[in-house]
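Each of the two complexes below includes chain A, the first together with chain B, the second together with chain C.
Moving on, here comes the complex of A and B:
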């Protein structure tokens, strides 16, 4: 019997600027999480973003990313040496960007947590699209996540929604 | 900091707003398997317009990375095209192939990867039951063991409705235990 899924767990539209967003008390009921953002920041053009799990600020994260800008392409890789998945782009407040993060097997205790990330932003003259993969090197189930821009804050009206997928 | 506790009352009780995205079948491997097959889709996936397969994969290939082989209806002929935009730590590249015997729907961690590291793949199969068009797929995959992120597309050059999907490592022999492959149906308007 098919199981209806893709369940909205929490959503927020910011009424004030915020330095970060934390989703806590995430139940271990689902298989994957999907975090969707339509987001602006107080950055002048764009901001790099970071994703952490379970309040873990240790060097337990790795990433690989490919970016296309309006003039070139670039790739970047960091192997297990960072304190967050740093493979996210956020736009400025003029034209909000889109971010979709697929957090796979988040409640599993037999594997590390792999995340597929997509960011697309179109601040004037700084258009970028990025695809990334990140890994949180822990077999602990994810019960909280924190997302934030580096050196900026999320702007008023930014929205984040968290979904659970069976 | 804005702290949002997830509301348990929302979290328990299934999908809100109607069943448009449904889990059809899920395989979590207890032991190694050479392939995973979803069959009888004319029955199991009746009423859906599109399919999505969500996967965390690892193979027994003696390398840090393996490729994901996708076939439809047991067709092993040269009836597929496949394309990808991919990058490792240093260089973005692209690949393509026509008259292929399978779609390469992504890449994932293999036996030489960090222990407990699995690759992730999300693959969309569009209009799978429509007999007026070839079936196309789009897939996003990544793993930080190789490392690799890859956006793939492919086509099954047949207008036959898809009734069977076969997934397998393209180089290694088996998916290893704890590999997870989940098939979802998406209803159209």
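Moving on, here comes the complex of A and C:
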């Protein structure tokens, strides 16, 4: 029997604006997690986003990212010892973007957790495409995650879906 | 993820690869392609039409060429792949993710792609593409074709998959 992929774990479509989305009680059954967002925010143009695990707000996160910007430049930067993986872009309320996060070996207890992130947003005049990698410096299995825009809320109609991959 | 259809280009090549009559039973769509354009160059871009139209598209790309990185905006571009002058028997890879394809709002597409070539000049690109026509509709057809070449070469292929969101009854979301 083929190994199932993209096993649906939970999904939400927002009926009201929300400051954050939290997935909890994530079973340690799978190898990886994939979180997919089709998201808008209340930001005027776009919003930066953050991802935290296990309600951990300590400086246990780092990131590296490369962006294709709305002014035709390619930029890259990195940061460490932050209180979240701050390598996410969210679109405005007019056109939703796509955010895909791949969390590798999330249930492992012998390694830090790595995340591959993609953000594709096309708000008018503020379009950006970004690829990022993040690290959560903890050997604890991930059982919850929180994603949120900085200085804005997720718009009505935004969707987030979590999948397990074996 | 459920396989819906695979199209393989036969002898003589094909102008495009088209998925039609896409079922409306999934949440998201994924298209994975291994293609080689007949353009007489190392690389070419992938264009996507949805529901038989190329109207209403904008895109933003981040591309690396092996010697430089750049970003540009365009229309219905959704990937960069190998073409006829790249290393023989080598095909570019493209993966397009289309969330909420049944929604009646603008559609967002996230693409990862590469034009394989055994040389210092090889292109890799990520794309954000938006389909925002005057009238929104469920996606029922997707067509992939080269931007500069006139078609895909033999052995090019693409597969369409559907992903269904849901709950396992254990994981909570709020």
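By our rule, the second predicted complex is superposed on the first by the 155 of 166 C-alpha atoms of A that agree within 3 Å, B and C clash if a C-alpha of one lies under 4 Å from a C-alpha of the other, contacts with A are read in each partner's own complex, and residues count from 1 in each chain.
Following the convention adopted for this analysis, contacts are C-beta pairs under 8 Å (C-beta built on N, C-alpha and C of every residue); 3 or more make two chains touch, one makes a residue touch a chain.
Remember, predicted model here, so these are calculated numbers, not experimental data.
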- Have a look at chain B and chain C on chain A after the superposition and call it: clash or fit. clash
- Of the two partner chains, chain B (first) and chain C (second), which one does A:12 touch, if any: first, second, both, or neither? both
- When the two structures are overlaid on chain A, which partner does A:23 contact: first (chain B), second (chain C), both, or neither? both
- Item | Which of chain B and chain C A:64 touches, first, second, both or neither | first
- Is A:105 contacted by the first partner chain B, the second partner chain C, both or neither? first
- Does chain B (first) or chain C (second) touch A:121, or do both, or does neither? second
- Message: Under the stated touch criterion, which partner chain does A:31 make contact with: chain B (first), chain C (second), both, or neither?
- Response: first
- Touched partner set for A:86, first chain B, second chain C, both or neither: neither
- Can A:97 be said to touch chain B (first), chain C (second), both, or neither? second
- Item | Touching partner for A:139 - first (chain B), second (chain C), both, neither | first
- Item | Where chain B runs into chain C (options 38-46, 92-100 or 110-118) | 92-100
- Just which bits of chain A does chain B share with chain C as contact spots? 5-10, 12, 21-27, 66, 73-74, 76, 118, 131, 162, 164
- Task: Can you check the complex and tell me which residues of chain A touch chain B?
- Result: 2-10, 12, 14, 18-27, 29, 31-32, 62-66, 73-77, 79-80, 102, 104-105, 108, 110-112, 114-116, 118, 131-135, 137, 139, 162, 164-166
- Message: Which stretch or stretches of chain A touch chain C in the complex?
- Response: 5-12, 21-27, 36-38, 66-70, 72-74, 76, 91, 95-98, 100, 118-122, 127-131, 157, 159-164
- Which bits of chain B are touching chain A when the two form their complex? 1-8, 10-12, 14-16, 19-24, 26, 54, 56, 85-92, 114, 116-120, 122, 140-149, 151, 178, 180, 182, 184-185
- Residue ranges of chain C in contact with chain A within the complex: 1, 27-28, 58-63, 69-73, 97, 99-100, 103, 105-106, 108-112, 126-130, 132, 163-168, 170-174
